[in-house]
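Across the two complexes that follow, chain A remains constant while its partner is chain B and subsequently chain C.
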Partner chain A sequence: MRLRLRFRVLAAIATCLVASAGVCAQQVPEEDLKAAFIYNFVQFTQWPKEALKGASLTICASQGSALYGALQGVAGKAVNERRIALHPLADAVSGDCQVIVATEVDRPRLPAIRRASEGGAVLTVTDDSELIREGMMIGMVVEAGRMSFIVDNTRAGKAGLVISSRLLRLAKIVQ
Partner chain B sequence: MRQMYLHATAAACLLAFAMGDGRAAVADLTELSIEQLMQVEVQSASKFRQQAIDAPAAVSVVTADDIRSFGYRTLGEVIGSMRGVYVSYDRYFSYVGVRGFARAGDYNSRILLLVDGIRQNDSVFNQAMVGTESPLDVDLIDRVEFVPGAGSSVYGSNAFFGVINVITKNGSDYRGSEAAAAAGNYGTGKLRLTHGAAGDGGADWLLSGSSYYQRGQDHFYPAHGGRADDLDSDRSGTLFAKLRTAELTLGLIAGRRSKENPTASFGQTFNARGSESVDESASLSAEYRKALSTALSLTARGYAQEYRYRGDFIYGPPLYTNRDEAEGRMWGGELQFTSTHFRGQRIVFGAEYRRDDGVRQKNFDVAPYVSYLDSRVSDSTRGIYVQDEIAFGERVLLNVGVRHDNIGDAPSATSPRLALIYKPLPQTAVKLLYGEAYRPPNAFERYYATDIPSGYRTNPNLKPETIRSRELVLEHALSPSQRIVASLYRNDVANLIAQQYDAVADRFYFDNVASVRAKGAELEWTGRLRGGVVARVGASWQRAEDGASGTRLTNSPARLFKANLSAPFRDEQLRAGLEVQAMSSRKTELGSVAPGFAIANLTLIAPKLARNLEVSASLYNLFDRRYFDPAGSELDPIDRVEQNGRNVRLKLSYRF
Partner chain C sequence: MKREDLLPHTLHAPHSPHSPRISYRLLFASAMAAGAALLLAVVLLIIVEFFSLRSALLEDSRVKAAVVADNLSAALVFRDSQTAAEIVGSLRASPIVIGAVLIDQDGARLASYPEDFAEPMPGPREFADADHRFRNSRLELMAPVMHQGTAIGQVYLVMSMSSVERRLGIYALSSSAVAAVALLLAVGLLSRVRQSVRQAEQNLRHLAHVDPVTGLANRNAFNERLEFAIDEAASFDENVAMLLLDLDNFKQVNDTLGHQAGDELLRMVAQRIQRSLRRDDVVARLGGDEFAVILRSIAERSEATQVCAKLIESIGQPFPIEGQDFFVTASIGVAFFPEDADDSRTLIRNADTAMYQAKLAGKNVFELFMPAMNVNVKKRVSLESSLRNALQNDELSLHYQPKIDLMSRQVLGFEALLRWHSPEHGNVSPADFIPIAEDSGLIVPIGEWVITRALGDLRVWNTSRRQKLHVAVNLSTRQLRVDNITRRIAQLIGESAVPADWLELELTESMVMENVHAQIETFQQLQELGVKLAIDDFGTGYSSMSYLKRLPIDTLKIDRSFVSDLPKDSNGLAIATAIVALGHSLGLTVIAEGIETTAQAEALLNLGCDLGQGYLFARPMPAAQVAEYLAANA
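Our next item is the complex of A and B:
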């Protein structure tokens, strides 16, 4: 008797869980949404001419991160006649990346990121609160179920990047 | 019971494989304008934290979302949900068992508890407080990481079986006030008030206070042939403050708990009013982080902790109170440098100084006053350490570390660690780990002696205990949202310190009791699935045995099973979290058995029932199973302690 009751409760819970998956389909997985935001950041950023070599614009991210998988959906798309390429952050050297996307797993690699972006026109983007504090140019934050972002325009300007005023207007905080 | 695991596991697995990870969605999203994207709802009610595949350990992580989803009330419940960990409760303190080790009278001194990088184990018992005695409210936790294995190569003493690393929330997580109230069975009530604010330039602060009360239950103990009436109350108050600027973090954690003891431990008179323990502590900490150059960064930490304990024990008739008092002040500092000067290498090196000042232990009869113990000692520890993480190309990572500690008059200790991490694929890591750790006897084990019936005597020959741990780990991401961890390990403990009982003299004492060896296997699958469903299923098998006789240790289950499943309903308006925990039987100190059990806990949350109001309801021990935890020898003649039956908690959180 006890066992049967238990089974029924569990079966009900399992059924509800499966049903709920369909109900929530209109919501977007966080990583996918972040990848789409990064695609927009790239669109609204202007690099100095000498920083863009060849026909591609390279985004560097850690292969271990979930965001890397989502960014694969952006790779190959064209932005201002340049194709977006995705490159593992771990073996990037200075000059390889136009965009560095750092997540929580990259906290220990911060000095390496600084070195890869130093002196070059590299847009640094993160979704990690610690790394925002460590001086990344664009920080993505989830608030009340919506994605927003903050921009350190001073730092971007120093690196020779021009961020469109349309993006700056939408940013929650601009420094 | 077995059938129940099967259903829970089957449901989890079905969910896992029925849903893909849907990468195609990204391409569609890029068609939207950024203004439109900002209106899209993020599916992140329960975040699946990416774990560092490069870490030289098989790390477990539980986040604030998990704490809400599964209704965890204490840090012990949080870590008890993790791979290879189990927590026992004797209605006094909560004791953490790791990979088959859970020793009586241990007070968690073999686990190092860090909060925001600062050591919390006190200076008398070196206790990691994880139950209601913990001065940190779990609502303020952002995430908890558990790093199993010998961790002394970085952290020094007490990082014996593992390190619990608690990261607390920040002012920016609140940006306003929150009031929370909870009520539950056994006359339980809890209140919390929190305020957090974030200023310009990255500075923020958080202030929070909580108070908790539980009237408790009347417990029947067959060994005493009677019921302990109204002797189970649990009261606590805690305070937390944190201030952060770009480079500096200041923290304060303070708490006081008083717990009545219904078990008549240490030979007390059964069912006598007045038996209780009071634990108080206050810790201040400061952490300063600065990048000295592009290749060198500094972390400086300073901390001070005051700890006080009072235990009242009732003997007779005629009834009289015997009182234990302990206090200790601990302060210290650490300088840690991280260098990436050499290509492909990350070198961490540092030095720590810690002073345990005025560690005082007293034992006396209250009236008429008779003193049995008044001991006062001080101690200091100096440690230096270095660790190098060397990358050989993309695929191989070598992590080598060693720490040397000088501890007062005890022999110095050197603790090495070696980790080889091979990544044949970016999403796969094979880790070969070796580590050594030590734990010197704490002040209680060294100096506590009372010349009373069932009292303690000292043991001048007590030495530090040591452990050597070896582990082979496989971590593999099946997809960006699914991950498996498999581990095979072997631990060898030498000179293990355990509480012994000298029946002739009727005295407890601590001794280095021979050796212990443990081996085991762990397997865990974690998935963040479509529709916001998060699942984790894990099982572990272990055998921890006495080195000399080969018999299984007490309070050491052969098998553990855990499953956690959380899913949103009705557009995230409701979230359900189901947890199943099971373990096989455990031997008790008195030679009997605490039978194996499986329990389920269910939590329902409505994050926005009304504007700014979150309501959650939890049912613990859903099927009202009767189960027991083995008792320590100090509870003799009680061999096992019955745990709570089905109970409920209702919680409301209001933001304003």
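Our next item is the complex of A and C:
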């Protein structure tokens, strides 16, 4: 099942990158593409050793968001010998998250998310254009039907995260 | 004579191992060998260089591919073909990259450099197990794009081998140039070494074939040339004459004047021999005072005898050495091929036998070999071995012949004459064994024995006499050459405990006059010792009047040949008259030998001759009879 999902996602990405935006939007659900991107971000990010205590790498997202469902397809996949776990993002932001995916619905929780990310090695990813300007580390943008992303490497560095230069190379803007 | 002429003919033969052509061929062969070795080395080096350059290229390409593949992983994961194209395009920095393609695991082409690079990718099986292959001057390389420990795609890299080929070309050219230079140097060195080796060989050959004193061929070269001459004569049915020439009294010159003068004399003899010969005759010095001549294409034996006569005449001329004239004579033996011998060894031996015979015949002559000579030689060898034991075995004895005062008929002394009775050969004539004793050197101990014995006998006879007798002993040339002959004779006289003037030494005229200046000192020393000196056989040799005046002589002995026909022979009479007059005018005593008749004695007395000796008065008698004789003729 996992294999089938991966194939589907990758095929979607491939089609999306190669084909025109319009076709891409029609063919692949945008949320799936975003979830695949998030999965890839995780793969190119390095956490400090002490931040990864358990056997899993936890992605936290609001259950109310459209992305949560798509991210469920990513949960259980392996990254650097760890399994990805998906936890709902509560009001009181848990310190167990390694990745926080903030969406439009999470705007009110911004202070808490910010606190959490500043306090520990937490990668913050958003697809909300407003939140991008509010200190999220990676922001996904759809422009002219094409998915791209911007990276605030300075903020990530402050949080003790190392984002691979290979990933940075693909980013549209790097701060 | 030019040096080359002395070298054996074989040296000039075209098949000689020392001919220049062979030498160049050797040099060429060595150069070829060195060249082949260098070529092989160059080829091997180029091959090694090719593989090392290729493997360096492979390593380099692998690193490039790995770097690109590593950089491409994110782009591949995100399927960002634009970035992937940029990354792949970074390979343009390397001019040897012909093309690069990024494919994903499904074989889909994601990016390529150059963008229009459309060459088909090799299938996964085409590389066999390797990650690369070399084909058509290209290196094709496959590097996996790894992500999270798994391959997510492949980078296919095509590299040009042109740089390898160019560098290999430069390497081949430069190493060939170095090899060529090395070869040139080697050839140069080799030829120089060969040259010096050749020179050394030539010197050695020269030394091995040339007599250093005279510049003539030496024994070695002579043997080779004789073989050659004999082979030639055998094939053309010709005759070869071999002359063996020995100087009769060279040792005397050598001993009196030293080796340098001796060498000078040998050189002059060599020149005279060469001047007496045709140009293509071979002359060699076999060693010591022995020379050899090869006369080729001899039509008649007389040709050889003419050459011999010419040689004897030429060598007989005085040799001016250190301002003085020296006289040397030569004895020559001749043997013919094929008449006398059919090989070189026998030819040399027979020439030697003939030469020996010439010496026996009185020297200064030549003899042609005759088979009978071998018998003589055998007899002589046998005599010599017997003579060696004669002294010890007491086989020698002295006979005495009285010397008579012609006027008073009184006995004044004796001449001691050596006799040998051999148990093997019976009574051997002094004419037979004295030359043997002289040649073998036995004459020295025998001569000393004679003086001791004669003086011992004389002491007995003189004991009761008021008028003391003297004894004359013959001295040979060989004895004169003994070092310190004077001191030796003085010692013998001292051992006999008799006055020195009892002893008279008789020397032949030819012996005295031959190199008289070298011997005059010895004569003077003998005279100072008190010994009397007599010249024997006077009138048969050539006397220099000026030397005769200066020589410390006491007595002249007229040769028996002038006495025998007296008084009828007017020539003999004239000579005897002249000798007596000459002797008396120089204040010498004159004695005649071989007086057999009263008429002869009368004639000599009339001439004024002082003493006489001969059968008329007494035959030579054993020592035992002398006392009796003296008593009867008191």
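Criterion: the second predicted complex is superposed on the first by the 145 of 175 C-alpha atoms of A that agree within 3 Å, B and C clash if a C-alpha of one lies under 4 Å from a C-alpha of the other, contacts with A are read in each partner's own complex, and residues count from 1 in each chain.
Heads up, the rule we're going with is that contacts are C-beta pairs under 8 Å (C-beta built on N, C-alpha and C of every residue); 3 or more make two chains touch, one makes a residue touch a chain.
These figures come from a predicted structure and were not determined experimentally.
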{"item": "Greater chain A contact set [chain C / chain B]", "value": "B"}
{"item": "Contacts of A:174 with chain B and chain C, given as first, second, both or neither", "value": "neither"}
{"item": "Touched partner set for A:88, first chain B, second chain C, both or neither", "value": "first"}
{"item": "Touched partner set for A:40, first chain B, second chain C, both or neither", "value": "both"}
{"item": "First, second, both or neither for A:150, with chain B first and chain C second", "value": "neither"}
{"item": "Contacts of A:65 with chain B and chain C, given as first, second, both or neither", "value": "first"}
{"item": "Partner chain in contact with A:51 - chain B first, chain C second, else both or neither", "value": "neither"}
{"item": "Touching partner for A:80 - first (chain B), second (chain C), both, neither", "value": "second"}
{"item": "Chain B and chain C footprints on chain A, overlapping residues", "value": "10, 13-14, 16-18, 37, 40, 44, 166-167, 170"}
{"item": "For the chain A and chain C complex, residues of the former touching the latter", "value": "10, 13-14, 16-18, 37, 40, 43-44, 78-80, 164, 166-167, 169-170"}
{"item": "Residues of chain B that touch chain A when the two form their complex", "value": "3-4, 7-8, 10-11, 14-15, 18-19, 21-27, 29-30, 32, 34-35, 37-44, 47-54, 170, 172, 202, 246, 291, 294-297, 338, 340, 346, 391, 394, 426-427, 477, 479-481, 529-533, 565, 567-572, 576, 578, 602, 622-623"}
{"item": "Chain A-facing residues of chain C, complex", "value": "70-71, 73-75, 77-81, 83, 87, 104, 108, 147-148"}
{"item": "Contact footprint of chain B on chain A as seen in their complex", "value": "2-3, 6-7, 9-11, 13-14, 16-18, 20-33, 35-37, 39-40, 44, 63-66, 68-74, 77, 88, 90-91, 103-105, 108, 110-112, 114-115, 118, 129, 132-133, 142, 145-148, 166-167, 170"}
